[in-house]
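Would you mind keeping the following structure in view while I ask a few things?
Per-chain numbering from 1; labels A, B and C assigned in written order.
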Amino acid sequence: MGIILEVDQVYKHFGGVKANENVSLTVEEGSIVGLIGPNGSGKTTLFNSIVGTHPIDQGSIYFEGREISALPVPAIAKLGLLRTFQQTRIYEKLNCIQNMLVSSKPENDTVYNVFAKIPEELTEKSENLLKFVGLYQKRNLRAGDLSFGQQKLLELAMALMNEPKMLLLDEPTAGINPTLINGIIDRLIKVNKEFGITLLVIEHNMRVIMSLAQKMFCLAHGQLLAEGTPEEIKNDHRVIDAYLGVQ
Amino acid sequence: MDFLIFKAPILMVQASMDGILLGLLFALIAYGMALQWGVMNIINIAQGELVIMGGYIAYFMYTAGIHPAFGIIVSPIIMYFVGWFLYKSIINRVVERDLFISILATFGISILTQQLMNFVFGADVVVAQSNFGTTLLFDDSVTLPNAKIFSALVSIVFAVALVLYMKKSRLGRAIRATSQNPRAAKILGVDTEKVYAATFGINAALCGVAGSLIAITFTLHPYVGLPYTVRSFMIVIIAGLGNLPAVALSGVGLGVFEEFADYILGTEFRIAAVFLLLVVILVYRRFKLSKKREYLK
Amino acid sequence: MSKNNIIIYGLILVFGIGAPFLFPAYKLQISILWILTILALTWDIQGGQMGYNSFGNILFFGIGMYVCSSVQIGMFFPLSEWTASGGEKTFLHTTSQYFEGFTYGLILAGIIPAIVAALIGYGILGLRGHYFAICTLGIGIAAGEIAGGIELIGAGQGMTVPPWPKGIGGTELRSQFFYYLCFLTVSITFLVIKWIYQTRFGLVLNAIRDNEDKAEAMGIHTMRYKIIGWVVSAFFLGIAGGLMGNMIGYIEPTEIAFAGSTYGVFMVLMAILGGKGTLWGPVIGAAVFHIFKEGFWTFFLGWQYVALGALIIVIVIFFPEGIMGWLREKYPHRFGEVVDEADRTAQVELT
């Protein structure tokens, strides 16, 4: 198994805020990797840097061996590297099915093809994926009418609809009814095993991330603090200190 | 032709001086727009009509035999109430809604007031003579009407007075608090409704001052408001909300640009140049920001 | 197509074809209704479906108008002499020249605005929200001011359009000819737009409206869709402009061609009045607005713009969802999406 994503000495500052400071990490193809760190430690910023939301100050990012840090957002997404948002982003006036349909990857995405019809079978695929995340019964509702947790699930389904190679999930269980969390863990494992999608997951819920990830990275104050297996991270006193706010 | 080339440097000085004086006037209108935009998050397309309306008040005084320069006192008082009334009747219904709704609603106000002014004052171009005389500079080769100098000075005085008022007075502080965080201001007991009404009134009053200055320095016509709106918008997006020196500087820059455009392209392209400059500035900013993968917000 | 739809389309078709015979006195008025419908339909591609509120689409209407008549004239006579002679027609088109010129004129009246849209689209459509709105407002007005300074096309005085050729029937035939051209154009515009909205393109426009950043993050090259949408609008607007110029017979920069304060505002207002972001909204809005305007305009003698201003204010404040929005709320089964209450309250289960 090769390396699918490599972040190499990335810096990103916002004025005086050092949101990412010399961050390097690698993700193996087919794995589930966790990214943890206290609030404000720069996890979301790192996601933004990877998918091209903002230019990075320094460093390189490679996806499948290709330098992507200069590419615009849609181009990176089209390579098969997608992300979901911490604050959900859905198309609120469209219903769930339409949200799914527009998220599909067009077969032949050229200027000449913009007026292509939406293939019939995509509706069925949408419905199946909505079933997969438990939203099937809500398929005709406007996405804006869903609760925050439901929107998170919809966003996950939309990402799956696009058939990415790798998915960056920003706190996938935040705001979700705790009774559903086991279900989500199970779904994410399926996404990884059955759909073959590599996952990089930001997660605050330690139980979730411990049961998902094979490898973990911990950020603090924009810097990489520790990396290792969940077991190692759990027992790393630096990580514990960072979470407890000890400098 | 020889003559023009020989005269060119002088004409440039003339155009620059005219532009600076005019630009300070623009800055005053823009400052009102910035205030109201910053506090209420509304873009007022009728800004120019408020200016023209203020001008007609001075003109009305002039026709009644009063010196139009007194318009800078009477006009803002009347316009304050016009602004307050507009707020209470229309603006308060769009204030916390989509920006497009406020743009369109104020566009409606603009169309409506244009024709009302047309009814009351007629469609002719009018001027209010101030008889202030002119100042001659550089061996009489540069002519500056004193009215323009007066107008620039008055603009500065009113802008500075407003800044002080915003810093020192109770209402001024309430306005600034609301502009920073309306919700927090509300919780701390600021009557935001009142603040909004006052802000819109103050903006209209500034337009009133500017309008009466325009009445004595330039010409009035019911349908020339929109360029003033666009000028203020442009100044605000260059200078940002509420930085007076920057507003003044951008105003002067715009004034000089216009005088030169007028001089080089001809008067018939003056307004076109203003509107094109708006487009160019916006598109330039858009490309600059898109390098950072951002967009104008 | 459902039975109801067949009835609706059938009625419109019958009305459209029969109107010149049923209401001969209103032929010109109904022709203008079709033009207005095109304006509203094409505005809604940006304003309603894509969430880009343009105040400058009148640009394409005006360009189309000038291009059409310039081609009509320039193909056979020196344009500058034509315009210099003011209203005096020193040149006369023969019947075949007239129709040849008009055909090419109308085609180019569509193509050139479309090219302009494509060229400026990348710069302008990168602006969002009110910056886009104000920028397009600036473009529309600048275009009128510039056209008013160009001698070749008659500057501020404007130019006359070739008159209907003598010898093939008089004004009756002329008005009928333009009527059917307008009806044909609006029908094609409607069908093309309807088709577009059913494709992926339509969904992408809505996605841009709801959350453009998300659309980009999902791999959609939004700029491509924005530009193509504008090109479609510009194409049909340009043709509408070409037709309008010929119907009026006279072109002028700021009141007729780049008429920001009339047609430029009307198109926004009609779309909102009917219900923006819907297929039928702009059509209904145009009809209601036109009937209101023609019915009451004379009634408001001199006060038209006061009434128009008031109408804009009332509509945007009290009626921002338009007639379609009201119908949807009132008759959800016929017009809206019906959602089962059970679906709404259903709990998500993951087992």
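Here is the rule we go by: contacts are C-beta pairs under 8 Å (C-beta built on N, C-alpha and C of every residue); 3 or more make two chains touch, one makes a residue touch a chain.
Small disclaimer: the values here were computed from a predicted structure and weren't measured.
More contacting C-beta pairs link the chains of A-C than the other of the two pairs A-C and A-B.
Ranked by distance of CA centroids from chain B, the top chain is A.
The geometric centre of chain B is 33 Å away from that of chain C, both derived from CA atoms. Between chain A and chain C, the centres computed from C-alpha atoms are 43 Å apart. Chain A and chain B have Cα centroids separated by 48 Å. The set of chain A residues touching two or more other chains comprises 53, 72-73.
Residues of chain C found to touch two or more other chains are absent.
In chain B, no position touches at least two other chains.
Across the complex, chain C meets chain A through its residues 195-196, 198-201, 203-204, 206-207, 209-211, 213-222, 224-225, 228, 277, 337, 339-340, 342-344, 346, 348-351.
Residue ranges on chain B touching chain A, taken from their complex, read 291-294. Across the interface of their complex, chain B is touched by residues 53, 123-124, 126-131, 133-135, 137-139, 141-142, 145-146, 148-149, 155-156, 261, 265, 268, 272, 302-306, 308-313, 316-317, 320 of chain C. Against chain B, in their complex, chain A makes its touches with residues 52-55, 72-73.
Considering their complex, residues 51, 53, 72-74, 77-78, 82-83, 85, 89-95, 98, 101-103, 105-106, 109, 111, 114-118, 133-135, 137-138, 140-142, 145, 149-150, 153, 158-159, 162, 177, 180, 182-184, 186-187 of chain A touch chain C.
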